[in-house]
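See the structures that follow.
Two complexes come next, and they have one chain in common, subunit A, joined by subunit B in the first and subunit C in the second.
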Partner chain A sequence: MIRVMIPLALAVLALFAASLLTGPAGIGVRDGLAALVAGDGGPLTLIMREIRLPRAILALMIGGSLGLAGAAMQGYLRNPLAEPGLIGVSGSAALGAVLALQTGLAASFALGLPLMALAGALIGVMLVMLLAGPRGASLTLILAGIAVSALAGALVSLVLNLSPNPFAASEMMFWMMGSLADRSMLHVWLAAPLMALGAGLLLTLGRGLDALTLGEDAAEAMGVPLSRLRLQLVIGTACVVGAGTAVAGAIGFVGLVVPHILRPLVGARPSRLLWASTLGGAAMLLAADIAVRLILPERDLKLGVVTALVGAPLFLHLILKLRKERI
Partner chain B sequence: MSDFVRSSERIRRIIARAILAGAVIIGAAARAEAPARVVSINLCTDQLAMLIAGEGQLLSVSHIARDRRVSAMADLAAGLDVNYGRAEEIYMLRPDLVLAQEYSPRATLAMLRRLGIPVVTLPDAATFGDVRANMAEMGRLLGREDAAAALIAEYDARLAALRDEAAERPRAVLYQASGYTSGGDTLAGRILIAAGFANAAAAADYGTGAKIPLEVLAMLAPDLVLTSEPYPGASRSEEMLRHPVVAALREGRRAAMTDHDWICGTPFVLRAVEHLAATRAAMTGTSE
Partner chain C sequence: MLRIEGLRKNFGGLKALDGLDFEVPPRSILGVLGMNGSGKTTMLNCINGVYIASSGSIQLDGKELTGLKPAQIFDRGVGRTFQVPRVFSRMTLWDNLAVPLLSRSMTRAERDEIRATWLKKVHLFDLRHNYAEELSGGQQKLLELARIMVSRPKLVLLDEPFAGVNPTLSRLLIDVIRDMPGETGCSVVLVSHDLTSIYELSHDIIVMHEGRILARGDAETVQSNPDVVEAYLGA
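== the complex of A and B ==
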């Protein structure tokens, strides 16, 4: 466990620092860090504190929470395909966020944006869990996910097309693929409370998920309250995914890739995987966000493009593997 | 690269003008008298037509002409019928002249021409001279040369009054939704220079159609950031105009906005120059 966590934590730290030092202004390492810490009120301080710091913090928070949510859902459903982006939770959260922005709720009440995204995510995750059933068989889970994603995507598009703002309709890409460009500390404060609450709920699932690997009957015999476990998972996932999507759009595949890579390294124990995936998700999103700034600095390449390029082939690989196992 | 873009731009403009001239000659041959049922489907031709057309000559303008944020003549447009630029509704109006701009949707224009409706496109104005040429063109097309000549005389007089060289040029950046900027080859860029500012973005090689990253904007630290007025509803493109970095650059300075006077090549561009020049005078503490 320690052998996995320490390298992961070091990777997150290194990537966080690299994220702070990546950007079009071309600020040197020492100048940048001095401006960040000391703060002389000049343009360097403005860039470090108001552009790069919130971006790095958001990548850390959102990546971590997506990795955590993926690990928790996969542990509960005992299905490696369960991931908030793929099963439509992120898409429903985006719908809630877009509704909050376009109805003016977000402008009149600061927490309206993350709370509406939370509501959207909650509806999405409950729909999928109801449709897929308690055991979350692969086929029904993926079909339910496709249905919820498609509906949420269409409704996001509808709301943006109905907006009086001519720029809104062209921002489908952001809500479907996600980006951390030009976010500010305001977005960090908007997302942080719900994300902390959700992470608290998900990180304490460990014991229950460990017991669940032995089967539902065994888990209940061991005194794990399954209905409470399920409620905690649903609310926790909706909180972290809702808060993240509200400020950065829907970013897929992080919750799929990270648990898949880390599972063998933690001896396939769900309780350990929760913590490892949190760090792994943060590292993956920080790396992806550095990549979008290095590959196409002027174009605001979307984060979801990079995560999908890594994640989609893995997803196909997992489907093939599951099919073989069933035969 | 930029030279190539500029020269290809110039060639495109020359071709557009040649086509326009051809259309005018054919049009003049086809009908001797002035058109009586004119429909405009573009914001810029809307405003030129409203300025120059005679009583009852202009049947309909585009619905955008009523939008106060982009149209300098929204009040006048409120009294006219509006169209949404769809070939079917325009055909139903039975116009004898349709006014469009060179970037109007080609499919719509081709459909109208197939239906036998004369369509004339005006080129996009990129200089103060283009504005003048478009006014003269509009006068010829509508058979209202006298009205156009009066407008041009007033325009020339105001333009001449603006032509004095500024000694001290504060550095300004045009920063529109999504961070797009305009260079010296556009009307907006020329308004900036005419008002006595230096284009700090163009000096840093961020020309027309380039996006200025927030970080670069902070490093430029211009004396004036000119943004556009936001639309209702919400969008990320406009949200970044309220980012703390932009707010810090605008703090304590004049909140200059690019408005409806900036968008089209009409005489209102001179009002934009005059307003901006007043801002400059207040900033530098000099009288004009």
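== the complex of A and C ==
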């Protein structure tokens, strides 16, 4: 366990520093850090504090949240293919965001879009909980999530379909690909409280998730209150994923791949995976966000595109490995 | 202690439990016999809340259990084991016994003491740092029993504790179960196909058949009941 956590933590630290030092302005290591810490009010300080710092912090927070939510979801459903988007939060957040762009609310004030996205996530998750009911098994939760995701997806298509001009439509498409470019500390402050709340809820699920490995009936027979555990999971996931999607758009594969890669390293206990996956998710997103700036600096490569490009082959690799082990 | 009245459970058209009435007095062991599919496991599932009874009443110390969720029923002091042993194979034996204590308010010392006590009782204390997957099937049954007993249940539901357990471990298991009511003050509902163990351990026996109670009484009464002989003992 320690042998996994320490390298992961070091990787996150190194990547966080590297993220601060990556960008078109070509600032040196010493100058950059001095400007960040000392803050003389000059242009260097501005770049470091107003542009790069929020970007790095957001990558850290959102990546960590996605990794954590993925590990929790996979533990709850006892299925390594589960991912945080399964309960329909990211889909309904996207719908909120697209509506904000469509109605012009996004252009009228800075937090118009993220706030609409959050509202979308909230409505989506309430719908899911209503549909799944208080005493249902995990299958009802999945089905409710799929139903709400599908509905949100259809409505997003409708909005795109009816968008007044191709420019508006492409703006929505780009937003949905996910990005951390041009985010400010305002975005950090908007997302941070919700993410802290959600992470708190998810990180305390560990022992309950461990008990669940024996099945729902056995866990309940040992005093694990399943309906409360599920509520905690859904609200926690909604908070972290809703807040993340609201400020950065839809970023796929982190919540799916990271727990999957780390599981064999920390052992089969879900409780151990929660922290490891948080660090792993943060590392992956920080790395991806550095990559988008290094690979095509002038072309605004989208973060969600990179995570999918990296995540999908990794996943294929895991599948092939699994197949070999079976035979 | 436990009082069951008119308990019914239907699965669609199938009457798995068709009106059960019985009582389990304090500090006693009730043996439950019955053919495959006679409703024994279903009855345990209704008592601990995994299934919601179609009708009837289940009372523990005068308080109704029907309608409560399994975790709440556990908190009221009902523990159970499963027909197929279910242990946390990737946890040590010591950690296995910690799981049912999560919702109990106990000090660290109390937890450690009761875990040690029960692991010693089932002769697994020396293996406490091993992973549960290294145990034999019979030892896993013993571990499961210890795991439920550390939570100090008032009522213990045991589903086929002797299935797949070799004679030596069976002997140990019988001794442990026999002493449980006297040592901890609990009552036991013991479901088993193993006639000798049931006769040896039970203060009272019920024989189930197609969701109903076919006969009840002590070992001799049950053994000599002509209905039981015909339907169950097949002699």
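The criterion applied here is as follows: the second predicted complex is superposed on the first by the 236 of 327 C-alpha atoms of A that agree within 3 Å, B and C clash if a C-alpha of one lies under 4 Å from a C-alpha of the other, contacts with A are read in each partner's own complex, and residues count from 1 in each chain.
Note that contacts are C-beta pairs under 8 Å (C-beta built on N, C-alpha and C of every residue); 3 or more make two chains touch, one makes a residue touch a chain.
Note that this is a predicted model, so its numbers are computed, not measured.
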First, second, both or neither for A:G267, with subunit B first and subunit C second: second
Partner chain in contact with A:S163 - subunit B first, subunit C second, else both or neither: first
Subunit B versus subunit C as contact partner of A:S108, first or second or both or neither: neither
Contact breadth on subunit A, by residue count: subunit C or subunit B: B
Contacts of A:A211 with subunit B and subunit C, given as first, second, both or neither: second
Partner chain in contact with A:M185 - subunit B first, subunit C second, else both or neither: first
Common interface residues of subunit A - those touching subunit B in one complex and subunit C in the other: none
Subunit A contact footprint on subunit B (complex, rising order): 177-179, 210-211, 213-216, 218-219, 221, 230-240, 243-245, 248
Residues of subunit A defined as touching subunit C within the complex: 135, 207-208, 210-211, 213-215, 217-218, 220-227, 267-269
Touching residues on subunit C, where the partner in the complex is subunit A: 45, 48-50, 69-72, 74-75, 79-80, 82, 86-88, 90-91, 99-100, 102-104, 147-148, 151
Residues of subunit A touching subunit B in the complex: 23-25, 43, 46-47, 50-52, 101-102, 104, 106-107, 163-168, 170-171, 174, 182, 184-186, 297-298, 300
